[in-house]
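See the structures that follow.
In the two assemblies presented below, subunit A is common to both, partnered first by subunit B and then by subunit C.
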Partner chain A sequence: MNSFPISDYLAVAIFVFCLAATVGGALLAVLTARIIRSVCGLMICCIGLAGLYYFLHSPFLALMEILIYVGAVCVTIVFAVMLAEPDEPAREERSGAAILWGTVALTVGAAICWGLSRLSLQGQWTAPAAKVTDGSVKAIGVSLLTTYSMAFELISLVLLVAIIGALVIARTGRSKA
Partner chain B sequence: MNLLRAYEQADIYLVVAAFLLAAGVYGLIRRRTLIGMLISGELIFSAASLNIMALNCFYAPDPTVGQIFALFVMGLAAAEVAIVLSIIIAVYRNYHSIKTRELSELNG
Partner chain C sequence: MSLSELLRMLVYVVGVMAFVGLNAAYLVLAERKGAGRFQRRPGPTEVGYAGWLQPVADGVKLLCKQLIVPPGADAALFRLAPLLVMIPAMMSLAVIPFSETLVGRNINVGLVFVFAFGAINVMAVMLSGWASRNKYAIISAARVVSQDVAYEIPMLLVVITMLMATGTMNLHEIVQQQAGWFWHWNLFRLDLNPLMPVTFIIFFTCMLAETNRAPFDMAEAESELVAGAFTEYAGMGFGVFFMAEYANIVVGCAMTTLLFLGGWQSPFGVGSGVIWFLLKMYAVVFTVIWVRWTFPRTQFYNLLNLSWKILIPLSLFTLILTAVMMKVLRA
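Now for the complex of A and B:
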């Protein structure tokens, strides 16, 4: 590990970059008024999350995060944005209700963040005595095809049903439009 | 706490997951269109996955279980996005708007 003198600093720098991408992307996703910027924020957040997964010793999950979220989910949302023009109007009314809801949302968010952080930092987590497997891609593949083969098949069924359902729902009313 | 080994401690990941959940809930309350709420929902999914992955990496005896769970969460999120977007498009066809304030026909 110490064959290269600044490799430690480099790893920490990449880690901080991933953290910043995750947090900044999430803030961008919920705070901007235009939806397309919000989708870009979600993309940045997912790229940062993929980096965090890599630091958590699961490169397969990092690859899947980029492939599914950035490659499929965000592109699909962009497609829907193009079809449905969902831009929020400029905040025309500074009425009491809008300010009230903003305050409520901020309070709820801050409470959740503070409470969960406090819970997870104060929890007495105990590290296991020994790891059963090493969590490599090979171990994941073996588990998917032995212990979790039923769930694996079921999720493919769920995806199939979701695709057919999406086609059916989006198709109705097409002739009326 | 050694800052050079910050990425080998679970606390940072757990706090970031809590922050993602809070941001998602904030967006879910604050957004006024369906697509904005969908994006906030994706943030909440990501928060759950990150929390599971952090606990899985540091405190679980079998590190493959959490990875498979997070993989299934991703699959379900993808299915959910497909369904929700088709619903959004159908709603837009019928109402020519996806602002939550105008979709209030069932409002008593």
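Now for the complex of A and C:
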């Protein structure tokens, strides 16, 4: 195949774009004062992540990321925001408690970030000899129902608990009213 | 990636953009002409021969208008929303096979691709409503979410049914399986699932609801909510939403054609090609227009009841029935 010289740069450019979307979206999600913009940041972050999955040869996972996280999770969050909160920037909290908790959160966050970075940079990672799966739908399905069936069932159990919890909260809220 | 591949990509990108633009322009004309005929009046006739240049006049008018961001609106989101609604519709067209060879990119998960990008549409319409800071727009945004969430479930259940029946997510292969006479189309494959026509009707109904078309046009209920989520958009901002609506209709009708009506396959077993795909797709598009001008808008509660109490149980039933049929007949 006569490779076109610019094609490598194109791939790099798209990779950088996905990376920027992931990081920028994540930063937007935590730094903005308006909650609706945070959700937008989350959405951009998820789209960037989907792009990164695509680069890792998992188109199905990338599409599921968009379908579930952008199409369902973000929409649900925004819906909850619309029902609950008026669209006003939150007041700046400058009390002592806020600064204290902020410091604690920052310290813990920095520690986790440092630990993860250290692990990923200095850990003894061995590349698998062959590609584990081809990332196809069939491979994902087979591994979900054989190797990882326990985790798969446990996740559905967690979701069941969440649904029942939501029902219980909604029920008691209704009877009190 | 070779130079020819790059050129092919470029041609397809330009092609899809031109197709979306022209298609939106002339579907608006078709819609207005159709509406006129259904109401026993001629529709637009003044610009060009029998009104054929009306879309050009509309386009120039929209382009000349000032783009206004209302005070108090969230300017960044307000400007972002039209982009978010347009891009997914165009992305979806990249994987839809118009014929055996005419396809932007034939990927193995094409079916999921279209529905994944379709899901972004809800978010975009909702953001436009929210960012406008307008009562009507916000009411409309809340309606859009509850409607689209409700109708996405039966639609995806139908898609899973079709996925089980065809055994592939590749749109190309799904069409190839329907080769031959018209009774090989998935719509008439009663051996896969005796309720296939019902499945088709569920899919079509959900498609109407997902594209916010009457009788499900809660997002843009002109008589109650001015123009719904798009109330504050002027000029081409509104135009982009309009184009995206028609692009989404085309994507939805194309999916209906691919999944149920045999895609580019000719109904008589010979002479398959892009012409059949376009004929079928535009027949479905015409039905969409026909439905809009025939049925009145439903009430909001009826609309949600239809989805949660009828369509979801029914589509679950067809899903289980397909699974049972597969186990009994093919095992």
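We take it that the second predicted complex is superposed on the first by the 126 of 177 C-alpha atoms of A that agree within 3 Å, B and C clash if a C-alpha of one lies under 4 Å from a C-alpha of the other, contacts with A are read in each partner's own complex, and residues count from 1 in each chain.
As a working rule, contacts are C-beta pairs under 8 Å (C-beta built on N, C-alpha and C of every residue); 3 or more make two chains touch, one makes a residue touch a chain.
The structure displayed is predicted, hence computed values, not measured ones.
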Now for A:Arg34: first (subunit B), second (subunit C), both, or neither, which partner does it touch? second
For A:Ala72, decide between first (touching subunit B), second (touching subunit C), both and neither. both
Tell me which partner A:Ala139 touches in the superposition: subunit B (first), subunit C (second), both or neither. first
Partner touching more residues of subunit A, whether subunit B or subunit C: B
In the overlaid three-chain picture, which partner chain does A:Leu63 touch, first (subunit B) or second (subunit C), both, or neither? second
Return the residues of subunit A at which the contacts from subunit B and from subunit C coincide. 60, 64, 72, 76, 79, 83
The subunit A residues in contact with subunit B across the complex are 8-9, 11-12, 15, 19, 22-23, 26-27, 29-30, 35, 38-39, 41-42, 45-46, 49, 52-53, 55-58, 60-61, 64-65, 68-69, 72-73, 76-77, 79-81, 83-84, 86, 88, 101-102, 104-106, 108-110, 112-113, 116-117, 120-121, 125-135, 139-140, 143-144, 148, 151, 155, 158-159, 161-163, 165-167, 169-170, 172-174, 176-177
Interfacial residue positions of subunit A with respect to subunit C in the complex: 1-4, 6-7, 10, 34, 36-37, 40, 43, 59-60, 63-64, 66-67, 70-72, 74-76, 78-79, 82-83, 87, 136-137
State the interface residues of subunit C toward subunit A in the complex, per the touch definition above. 1-3, 5-6, 74, 76-77, 80, 107-109, 112-113, 115-120, 122-123, 126-127, 130-131, 133, 138, 141-142, 145-146, 148-149, 152, 169
For the subunit B and subunit A complex, residues of the former touching the latter: 3-4, 6-7, 10-27, 29-36, 38-40, 42-43, 46, 49-50, 53-65, 67-68, 70-72, 74-83, 85-90, 92-94, 98-99
